[in-house]
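Letters are used for the chains, namely A, B, C, D and E, taken in the order the chains are written, and counting of residues starts over at 1 for each.
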Amino acid sequence: MSKTVLNVNGIEVIYNHVILVLKGVSLQVPEGGIVALLGGNGAGKTTTLRAISNLLKGERGAVTKGSIELRGERIESLTPADLVKRGVVQVMEGRHCFAHLTIEENLLTGSYTRSDKAEVARNLEKVYTYFPRLKQRRTSQAAYTSGGEQQMCAIGRALMASPSIVLLDEPSMGLAPQIVEEVFAIVKDLNARERTTFLLAEQNTNMALKYSDYGYILESGRIVMDGAASELAGNEDVKEFYLGVGGGERRSFRDVKSYKRRKRWLA
Amino acid sequence: MGFFLETLLGGLMAGMLYSLVALGFVLIFKASGVFNFAQGAMVLFAALAMARFAQWIPQWTGIANPVFANVAAFLVAGLIMFAVAWAIEFLVLRQLVNQEGATLLMATLGIAYFLEGLGQTLFGNSIYKIDIGMPKDPVIAFDKVFEGGILVNQEDLIAALISAVLVALLSLFFQKTATGRALRAVADDHQAAQSVGIPLNRIWVIVWCVAGVVALVAGMIWGSKLGVQFSLATVALRALPVVILGGLTSVPGAIIGGLVIGVGEKLSEVYIGPLVGGGIEIWFAYVLALAFLLVRPQGLFGEKIIDRV
Amino acid sequence: MRDPALGGIATSTPASERVLGDVILDVRNISLAFGGVKALTDISFDVREHEIRAIIGPNGAGKSSMLNCINGVYQPQQGTIAFRGRSFKHMKSRQVAEMGVARTFQNLALFKGMSVLDNIMTGRNLRIKTNLLLQALRIGPAEREEIRHREYVERIIDFLEIQAWRKVPVGQLPYGLQKRVDLGRALAMEPQVLLLDEPMAGMNLEEKQDMCRFILDVNDEFGTTVVLIEHDMGVVMDISDRVVVLDYGKKIGDGTPGEVRANPEVIRAYLGTSH
Amino acid sequence: MIYRENGQFKTSYRADQQIFAIVQDRWAIAALLALAFFVVPALASDYFFRAILIPFLIMALAALGVNVLVGYCGQISLGSGAFMAVGAYGAYNFFVRIPNMPLVPAILLGGLCATAFGILFGLPSLRVKGLYLAVATLAAQFFSDWMFLRIKWFTNDSSSGSVSVNNLQVFGLPVESAQAKYWFCLAFLCVLALAAKNMVRGAIGREWMAIRDMDVAAAVIGIRPMYAKLTAFAVSSFIIGVAGALWAFVYLGAWEPAAFSVELSFRLLFMVIIGGLGSIMGAFFGAAFIVVLPIFLNQFLPALVASVGLSISTAGVSHAESMIFGALIVWFLVVEPHGLARLWSTGKQKLRLWPFPH
Amino acid sequence: QAKEQFFPLLSYRTGPYAPNGTPWANGKQDYLKMINARDGGINGVKLTFEECETGYATDRGVECYERLKSHAGVTLFDPQATGITFALTEKVPTDKIPLITLGYGLSVSQDGNAFKWNFPIMGSYWTGADIIMQHIAKKEGGWDKLKGKKIALVYHDSPFGKEPIPLLQERATMHGFKLDLIPVTAPGVEQKAAWLQVRQMRPDYVLLWGWGVMNSTALKEAQATGYPRDKMYGVWWAGAEPDVKDVGDGAKGYNALALNTSGQQPKVMQDILKYVHDKGQGTGPKDEVGSVLYTRGVIIQMLGVEAVRRAQERFGKGKVMTGEQVRWGLENLALDQKRLDQLGFAGVLRPISTSCSDHMGSTWARIHTWDGSKWNFSSDWYQADEQIIKPMVKTGAEKYLADKKMQRRDPADCQS
């Protein structure tokens, strides 16, 4: 059993002073682990990650209860920049590239906290090998690259900081299947070689459970289930609702639930 | 012909003086995407501080040397501007991370009111003098070539040189350093900038300090021209078309914009003004800027406005 | 029920049972470049009435750019686009919308400050007839019209199961719901052709199923033609009638899902081995 | 538990589309209107009318107009003062040049003049955006300042450029007493506010907001940017123009172009931002904040300082006033960046949940 | 209830015109304090006052007016700004409070038959402009010498700056000099173009109609473009210490109109120092007492006090006067030299005597010149030329009445 690096303890999050979104979420991320955070739209995955990386303030949200500890240290009052210095980097949902900066500048900005020039150069090379497409587009302004290229850029940018813990928010979104595989392979690779810890929020349950060690399922602001990834993947409910393989083999997208839908639409 | 050149020259130099104020706008916009309404108030505040300390320091120390007094006052005023920058970051900007431009704009407006009140409370509200030994009397050049010669204003010339140096330094800073890149990142997306570990707080303190110093230099030069009093804050309004024409995000743009506006404004007033009763230069400056915008909506050197789906 | 003209196109799915009509959208030799970047090179394909046409390809292949050309957001340097036989070189977005082409966006282009309801209502704006003055007074016809459109929009809201969020500003919604609102807005236009740019990104399986069902329903019930960009091969293979494959701005494949899946070039460039 | 919408089911879309969908709100607004129309006139002092209520009403109206343009359509305008000036001088010319011109049509015609002017200076918005557009509107501002000083025709050949009106009447009733002026402005405000509200919650309002939030997407769903922006300019400058005419006719009585200077433009912009961009209610809050607060501070600071046994010079009071005002602006923004209107609705939401925190 | 005559004080101590507004406001306050301390008020009626900050802005000014006008025992208003004057001119007839606009405001309001409540005592921009022209003519050696001369008017682009234009145009056609108009956009921080024009035109004289920062900037630009300062003549609002002090030597030789003398020698200033400042009650700094604008403030307040005193003579000594009664007092001022000496104003201003039809009372002024450190008189008193101004006032007033559909006051009205 490895040591817990990140310990989220019963946090509540409120947006705008009135909207209660997380209702006591607790989770632990072990050193060198890959932990998946699953759940439907609006479950609060993004919010949880924002709470950890302290990016809530900009959204006018606040942690009102509970505690978040990084290697035993309370981190709620640190700035996001402090956290990056401690090795915690978030890849934000929806890319958030710096629109006016070129892809390369975006990546270099990612290494703002690293002063070692050689290390930065090495990281840049690494990112380019992971994502050759970025190398081709290195001189175009981020705003003018395709959705998937921006997503790669966002992930690459986070890697530039040589992080020890990466919070990945929907990394697979908008990526071609091959690249999705690659991204997860990169995660696995970094995890294996550099013992980087990952906490990833994903909709692609299949992939996420395949590559992670442990999973939490979040629904309407509460953790409803957790367990080792293999265990979750074997759970009947999970199979039914998240993997779509409940009760036998995979169903075609054409056939599911058509009755319920059709009825409502025509009503 | 002589007169035309003279007007041209006058316009160029007036333009450089505008640039000095415009620079402050550009700096802060570039670094945080905030249009800083308080720039005028900062110029006033800095100039007031400098003028008063130049008066007080000899009284306190008993050293009557004007050079010493001015240098010391400049330093003290600079320190005060640092304190102001720090306070603004701590009390205002830090609280408004990731908010929209309009909100931040409004906040700078609140700052403007506050600084105007504070400046006049601390330093008084009459007219004060900044005497940095600028030569006031004109020199006449080329009086062999043109009848009456061309009048050159030494004070303006020096001021223009100072602006040019300042702009050159700042351009280098933005283009060549990692901080420069970080600033541009912050202006694009506060949250993403935070997420990669750019310490917004420190960045903002730095930028506002630089803007404070720029405001101090502008205040010093304009103050020595106009005298230090409340109206100094209104030069910001004259500098606005300059910023817009040059592009809100471009340091060299502030200079070019200044020159274009300065020349356009003076030539129009002198040559077109009399035909329509005069007093047109201020709106002409704005219309001129607008004309440029119709061709380039982001100003001459501004970053392209991106809208993509 | 198979259209003889489409004899060659046989898919393994029941969709082929339906009548595929004439060509409604014909893209001919489109080329688009941004400076040095060739986003699209000489792309031609057609879309038939009632069909679900997928566009797939690796990231940066030019899929979104293709939609942007159809929409009049980008003006291609070369080529024409024909809609129901009328061909255009330069189209204004408004014209395209008036012809009944609606779309959703990859990077969420919702109106952030407006509520869900208002966002979807904007989709009806093309159909609003009352003038400014009547709207200001909101009497008689203006109000009746407003209510009529509201009813239509409510049906969409119902269908998308976003009733609970009706009055919430969309900026506060989670990503997945925002995508649904985006779709709702496009549907409100009662389009003949619906262009969907990665409608299922950021959704989990259940939500994807909902979305698929919905696309199919629209397609079935109203005969709306759908052009779909999607990276989830399961979805594409299951619901589309024909697929275009782009890579680096070039067309490398076109055909039924089955054909495309078997095309070696497509496998190399896009699908990889795992599919 | 008093303020709840539970149990209030709407059975028709008409009911759901009401401006005030909650019964308590409807009662509150009815009470407010009754208060404004009947109770206040009975109670308020002359000073309160002339120095606070009337300017507040007129500024609220102007802020409403600015909000249509800036808040709803997203076109930053620093030329509101100019639109007010055009409204004022336009109305003035109709009023004095046409014999027996009745007051209300003169004011409305003034508003139409402002509309024309607004559309003219709105044209650049088709190409120029954001802060850059502010320069176009500032051009309007400085141009109008100059125009009304220089072109004598507009000021009925008054040598100084200052003009005045008197003998205001509506249907033979004089609009001279404080109450009459108050009612007059209030009536304008109510009618125009209702019209504006209807527009912003109707199709045209949605077009404006769509353009504001994402213009490319708006174009794709068939909204014409040109139509949307120019109507916003037209509607907004009409309202602002009417406010300008009221400001000149009712509040000032006599005015010079400086009464509509760029400072006024700035103040109007502040009102809508402080009050809340894209909120009709915000215009009222913003106007109250910017109009009333300085007056309040100016009057109560000396008393306050005196009460703790200190004395403060008049200059000191004004400086303190400006500092407090600035600090309050910042403070409100920190508490709620989306303005007072949002603060209000958050408060209401809390009330709805009360006594539970969430 | 104590008997109190209330003086509302509109002033500006902030904003672009604060440096000029402040001494003016201080003078107004100190005089009231002094009268209370020295004489115990006017025949036992104490003088009270309240200041209201307008910032030179019309709307703030109107608010201040509305706030202070209903105060018990309100006496009169001195708006301190042309824009506010315009707005208040429309309001005072209903409220029946006189408006005193010493040396500013509407030139036509001199006609008391049309402007019952306005009192531009001691001078308007027309009299001022006329006096400058008289001085220039005298220097040149007669009106006929002006023929072919060029005179430029550099003016604040606002009604204030535009007021003198009709008179100057009148004079220009009469004497054949060329008048060039050069407007300066308010507040006047940027005048390069204006002075380049001056340099191009090379006028024989420049008249400066400025206020606030515009004045010092004009002088600096004149220096920068080499225009001789001794050919420059300012209005009396461009001839105070704040206008020249920070220009220093650069302003040497510059001339301006003077409505009054300045300095601390006159008895009234001594009294203020003695009864107010020495008791620590002074409103501003001590050395400001007696400066040009401060003195003007004192004079304005003295006129108000004397109007009350005059009104009391008629309506009852020791009573609080209403606005109407004060108006009568203002209309019947008879401050001859003897009375001025008594009041401590010997040598400060010329005698004033107003009437129902003449609300100005004196049209005299002189020229003073800045020597680098103080103002010195450089001419004797001039009186504005009635012959020219009277008809202009008359037509102006007629037009005003016609526009407003109002009647001239009848003589009976003067008695009330």
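We adopt the following convention: a residue touches a chain if its C-beta (ideal position, glycine included) is under 8 Å from a C-beta of that chain, and two chains touch if they have at least 3 such contacts.
For reference, the UniProt names are A, C = ABC transporter ATP-binding protein; B, D = Branched-chain amino acid ABC transporter permease.
Since this is a predicted model, take the numbers as computed values, not measurements.
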(request) Work out per-chain C-alpha centres and flag the one nearest the whole-protein C-alpha centre. (result) D
(message) So, comparing C-alpha centroids, which chain is the farthest one from subunit B?
(response) C
(request) Could you let me know which interface, D-E or A-C, is made of more C-beta pairs in contact? (result) A-C
(message) From the C-alpha centres, identify the chain that is farthest from subunit D.
(response) A
(message) Between subunit B and subunit E, what distance separates the C-alpha centroids? Give it in angstrom.
(response) 37
(message) I'd like to verify one number: the distance from the centre of subunit C to the centre of subunit D, where each centre is the average of its C-alpha atoms, in whole angstrom.
(response) 42
(message) Quick check: how many Å separate the C-alpha centres of subunit C and subunit E?
(response) 75
(request) Give, as an integer number of Å, the spacing between the C-alpha centres of subunit E and subunit A. (result) 74
(message) Using the touch definition from the top, which residues of subunit A touch two or more other chains?
(response) 19, 144
(request) Two or more other chains in contact with one residue: find those residues in subunit E. (result) 13-14, 18, 22, 157, 183, 185
(message) Two or more other chains touching the same residue: where does that happen in subunit D?
(response) 145-146, 149, 214, 216-217, 220, 315, 318-319, 321-322, 337
(message) Quick check on the complex: what are the subunit B residues that touch subunit A?
(response) 97-99, 178, 181-182, 184-185, 187-201, 303-304, 306, 308
(request) Give every residue of subunit A touching subunit B within the complex, in rising order. (result) 53, 55, 57-59, 79-81, 83-85, 89-92, 96-101, 105-106, 108-110, 112-113, 141, 143-144, 157-158, 160-161
(request) Flag every residue of subunit E that touches subunit D in the complex, lowest number first. (result) 11, 13-14, 18, 22, 25, 51-53, 55, 57-59, 62-63, 66-67, 69-70, 82-83, 86-87, 89-91, 94, 106, 157-160, 162-163, 165-166, 183, 185-186, 283, 403-405
(message) Applying the document's contact rule, which stretches of subunit D touch subunit C when the two form their complex?
(response) 12-14, 17, 195-196, 198-199, 202-204, 206-207, 209-210, 212-214, 216-224, 231, 235, 278
(request) Enumerate the contact residues on subunit E facing subunit B in the complex. (result) 13-16, 18-19, 22, 157, 181-185, 187-190, 192-194, 196-197, 199-200, 212-213, 216-217, 220, 223-226, 242, 245-248, 250
